[in-house]
Amino acid sequence: MSRQQRLELLRLCLLQRLFEERVLALYRQGRIVGSVYTGRGQEAVAAAAGLALGPDDVVCPLNRELACHFARGVTVAEAFRNFLGRADGPTRGRDGNMHFGVPAKGVFPLVSMLGDLVPVTVGAAFACKRRGERRVALTFIGEGAFSVGDTHEGLNLAGVWHVPAVFVLQSNRYSYSTPVERQMVNTNLAERIEGGWSIPAERVDGTDALATFAAVRAAVERARSGYGPQAVEALTLRIHGHAAHDDARYVPAELREAYADRDPVARLEERLRLDGVAADELAAVREQAREEVERGLREAEASPTPDPSELEDGVWAAPLAPPDAAR
Amino acid sequence: MPAYATATVEITYLEAVTQALRDALREDERVFLLGEDIGVFGGAFGATKGLLEEFGPERVLDTPISEEGFVGAAIGAAWMGERPVVELQFADFATCALDQLLTVAAKTHWRSGLALPLVVRAPSGGGIRGGPFHAASPEGLFVGQPGLKVVCPATVEDAYGLTRAAIEDPDPVLVFEHKALYRRVRAAAPPVSLRTPLGRARVAREGTEATVVTYGACVWTALEAVELLGADVEVLDLRTVWPFDGEAVLRSLGKTSRVLVLQEASRSTGVAGLVLSLVARLGFELLDAPPALHAPPDTPVPFAPELEDAYLPSSESTAEELERLLAY
Amino acid sequence: MPAYATATVEITYLEAVTQALRDALREDERVFLLGEDIGVFGGAFGATKGLLEEFGPERVLDTPISEEGFVGAAIGAAWMGERPVVELQFADFATCALDQLLTVAAKTHWRSGLALPLVVRAPSGGGIRGGPFHAASPEGLFVGQPGLKVVCPATVEDAYGLTRAAIEDPDPVLVFEHKALYRRVRAAAPPVSLRTPLGRARVAREGTEATVVTYGACVWTALEAVELLGADVEVLDLRTVWPFDGEAVLRSLGKTSRVLVLQEASRSTGVAGLVLSLVARLGFELLDAPPALHAPPDTPVPFAPELEDAYLPSSESTAEELERLLAY
Amino acid sequence: MSRQQRLELLRLCLLQRLFEERVLALYRQGRIVGSVYTGRGQEAVAAAAGLALGPDDVVCPLNRELACHFARGVTVAEAFRNFLGRADGPTRGRDGNMHFGVPAKGVFPLVSMLGDLVPVTVGAAFACKRRGERRVALTFIGEGAFSVGDTHEGLNLAGVWHVPAVFVLQSNRYSYSTPVERQMVNTNLAERIEGGWSIPAERVDGTDALATFAAVRAAVERARSGYGPQAVEALTLRIHGHAAHDDARYVPAELREAYADRDPVARLEERLRLDGVAADELAAVREQAREEVERGLREAEASPTPDPSELEDGVWAAPLAPPDAAR
């Protein structure tokens, strides 16, 4: 992994970290409404997976993978516009927070119902395979979402069709307030995916950005080269609440402490320092990220709010005369 | 948003739900609760707060994320004579448990005489900036389905009385609670003995000039609209939306000769179609004006405040519809 | 059961479906089929017979049993610009794929402008002693849902024309084929160029005294009923049941002033509620009599011949309803 | 396993075999309408599982497990009444073929949607556990139904809740026309259930009635004794079509031949002969079964057909005034 790639990885992690910190501040000020989901402690997984993909690959990120959007070319302003519900945002204010995607950039719009995007990813990968394109489709699966039937149906189809799909398991130990031990008996998802669906799966420390990148990149290249579906299980801790309203007091102190020194962003900065990147260069990356976030926020705040008269546009791609003229 | 009362002995709609669950758990060993994050966390909206502490993990179960799975499990427990009460974290996720509900819960009694006393509670509705996946009113998916019962409490009394009645009922009952009412509506704590009969509408306001047939949060919208308008309009709260109280609708129509159906579900879903079908077929001669419908457009629930506020029926927009109806 | 024609150059409704799939596969590389047992076996009803042989396993896929999974996969392929056509083995299993359809297929274009050209074909309806799980008419679960389109072909022409139009349409379209029509209805093979426009009803029979609004197999029931009665009744075949052709309904009502809605779906499901709601609200002044509904009772479809024959609307029972309507 | 038990096992296998042969004859004569599903080649699994249960245990059989119904006390006449759609049958003529159950005898009414009954079984087992009853709930899972999300959600719940549920996997190599190899990649379901959900699972030859009984009985007793959910995978071949209309020509000749000498009924008779049961005693069991089938059919044919005027009874256990007076 080149020096430049590693700096890009850091930049992406910082963008998510600083963006989310900004969003939480806005939320507390009441300037962002609804729910706010963030991925603190999982930025490295999101960034690594996004960076591991090729330009023509496609991805279905979830709630905690903002850096993956950025890696695909989604801008800070686009993301803020979705949180702020602006007319020129990815969902035109129709949806909020992380519930968006930018199809033009190969990013499928997140739906809330967990599990749904696993079969969707498999179908996208099938299309690429069918057309002989060397493209890969990637999605994320939280350990909680691993309990959903759609997840299993999708993994099974991926294996049977032998498609170039990559599954990144986000094992962050919690599903809202539910610890992984109450979610399942065997918590080793990599082992289960390999044993159950014959999908090669590697387990990595998701707070180690470089290791995670190496694992996902290898999985992506195996998928691209015709070796069928691949999986990577990234181990992290959701060190904050499920969403902004949740203080996660149900997470035992010992567990928090165990992860206290495993902040993926700090670890990556430290690692780059060890690898000889000068402190001021690192500071510059951080500063540039902060500026990019602030600039994006200003742009988004300058964006217009949506016009209710357009609410019914685009329900259908090819609208039919509505049955009910009396609107 | 007016507060509907302020005395101190009062409880909220949400507290009424919690109290109904607590009283049912106390009175009937067969009752147990299951759903995502209802134990340690007390539920996404706090409806089960304190119940794990009082009744323990065998009666208040945190489930894995598997709506089909735990609704199916509740059906199995009901088969064995238990009285399971499921919480869906959001009503929107009813689509994820729909097959168990329509295939097994709804059809089993008709097919084999086996009753399945099962309750599925689901926080529904908009007004909290939930967007397309956290603000839906999906009751229409179940309205009309043989073997199911669907209730939508609007008041503190019915939040308690319908929940208790649903738990005691031998059939599968879906309870769509309204998120926007959880902390907004308050009233005196209902007596432990209160039961709201399933299948019976309630006249929320007597009137003679027209009838608003509605349910859920829209009951309050209708009452506000009538105040705004200062007209003598009757407000009928269906309470049970399936099978709904057609007699009450026709009785009120007989009095007023004009009807407006008001719902929060998008206009081609919900219960409006069946109510208007009934009115047209059986109330035709009672009508002095075309029956009217006021409901959101046929789109998902939008997130942005500007959009959601325009999308949801308001007391003002409802008053306008009523005015038009009365002017006919 | 009268045969509707007998010449030899004719094909059945089922053959029209197969031909539509074959022609779409030939003309458009992006089209592929997936579903349970559609390859080697040619589908539970033979709709895909011969297509595996002609187009190979990359375009005619036998799937594992996972309705959510392969409908979701079809959505993913549509995202990538393919034109997947899913077969559900029975329409009853729509409950098993409903979440993908309502959550992802229906809402994605409105939320993000991404079109998902996806077709889901499903053999529906009774008359073959299928019972509660193999004879349902579940279109009502999708009728009214923003972002979906739902069609129910009644004729050989529309079995071909609606299927071709659905595959070329940029939106998710559900095609509910009627099992009882597969081998019963025959007509001249439609030209390859035939497309039935989505959203447009068809006057199956001109008339002035009343209108029967119907779709699917009930179109034939209505035509037979009108013959039996010998009255001058118009039969409107909706063809697309969502979003349906409200204008055509009101136009016909303007001519006849009397309307009967006839459907095979149990009376509180299907499309009847929305049609009658429309008629009551927008056709009120056109009506000389209360609009009527003829549909099965609110139960699942029964198995025993004595029960299913009583359950399904017949030409006789429909004629009686019409007589009552005309006598008003 | 006592001599008497082994004869009972044979009797149950024969009842299913002869009942189904009779049903197919009636179907060909047009005296039974709709679809007809039979379990030829799997009778031993159905009989063994039914016999392995205790009197208070409950079960959710599927399409191919008629002998399991009989083992629970369902009568031949009751089963025929369902196939014939009679008013006094288990579904009162409202449903047909194997789509029935007899709740009073601990048998849940089969629903067609595959996978649904796995969570239902888990919930029943949970209820027994919660009340401290030493009862077990058992269901069957075809290898095709193993692809359904509900199956996985149910297995996961069984493990997390550690309930006394027993899953009998019917690995008969086909799902309608779809061979197991196109249904999944790793076809060893016992291994997958044990590895994935930590549910102890044993693989047995489902054409060997005694071995299957021993395996299921042991699983049932482990579940009953508080060891949590258990599984048995029974290997068979669906040697006939999916249903009466299907000639199963898609099953390769070699495969058919491989199972030609593995008829579970013939094997059990042979085994009992080897164990010293006299030929005429075996013949008597067969003859009694034939008589029981014929008697049951006569009873069922004497039963009344359903009265359409009762069609709307019992949609609800506690009916409400229908909204729509105009019926």
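Labels A, B, C and D are assigned to the chains in the order they are written; within every chain, residues are numbered from 1.
Keep this in mind: a contact is a pair of C-beta atoms (placed from the backbone, for glycine too) under 8 Å apart; a residue touches a chain by one contact, two chains touch by 3 or more.
Only a predicted model underlies this, so the values are computations on that prediction, with no experimental measurement involved.
Interface comparison, A-B against A-C: more C-beta pairs in contact at A-C.
When chain centres are set by their Cα atoms, the one at the greatest distance from chain A is D.
Averaged C-alpha coordinates give centres for chain A and chain B that are 35 Å from one another. If each chain is reduced to the centroid of its CA atoms, chain A and chain D end up 44 Å from each other.
Each chain gets a centre from the mean of its Cα atoms; for chain B and chain C, those two points are 32 Å apart. If you average the Cα atoms of chain A and of chain C, the two centres end up 40 Å apart. Listed for chain C are residues 64, 66, 68-69, 95-96, 99, 103, 107, 110-111, 132-133, 146-147, 242-243, 268, 274, 281-282, 293, 298-300, each touching two or more other chains. Across the assembly, chain D contributes residues 91, 94-95, 99, 111-113, 115, 147-150, 153, 156, 160, 182-184, 315, 322-324, 326 that each touch 2 or more other chains. Partner chain D is touched in their complex by these residues of chain A: 115, 147-153, 156, 159-160, 182-186, 191-192, 195-198. Of all residues in chain B, those touching chain D in their complex are 32, 58, 61, 63-64, 66, 68-82, 84, 99-100, 103-104, 107-115, 117, 146-147, 149, 169-171, 198-199, 240, 242-247, 274, 278, 281-282. Within the complex, the chain C residues that touch chain D are 36-37, 39-41, 44, 62, 64-66, 68-69, 92-93, 95-96, 128-134, 267-268, 293, 297-300, 302-307, 309-311.
Listed in rising order, the residues of chain B touching chain C in the complex are 95-96, 98-99, 102-103, 107, 110-111, 132-133, 140-141, 143-147, 242-243, 266, 268-269, 272-274, 276-277, 279-282, 284-285, 287, 289-293, 298-300. The part of chain A that touches chain C in the complex is made up of residues 58, 90-91, 94-95, 99-103, 108-109, 111-113, 116-128, 130, 137, 149-150, 153-154, 156-157, 160-161, 314-318, 320-326.
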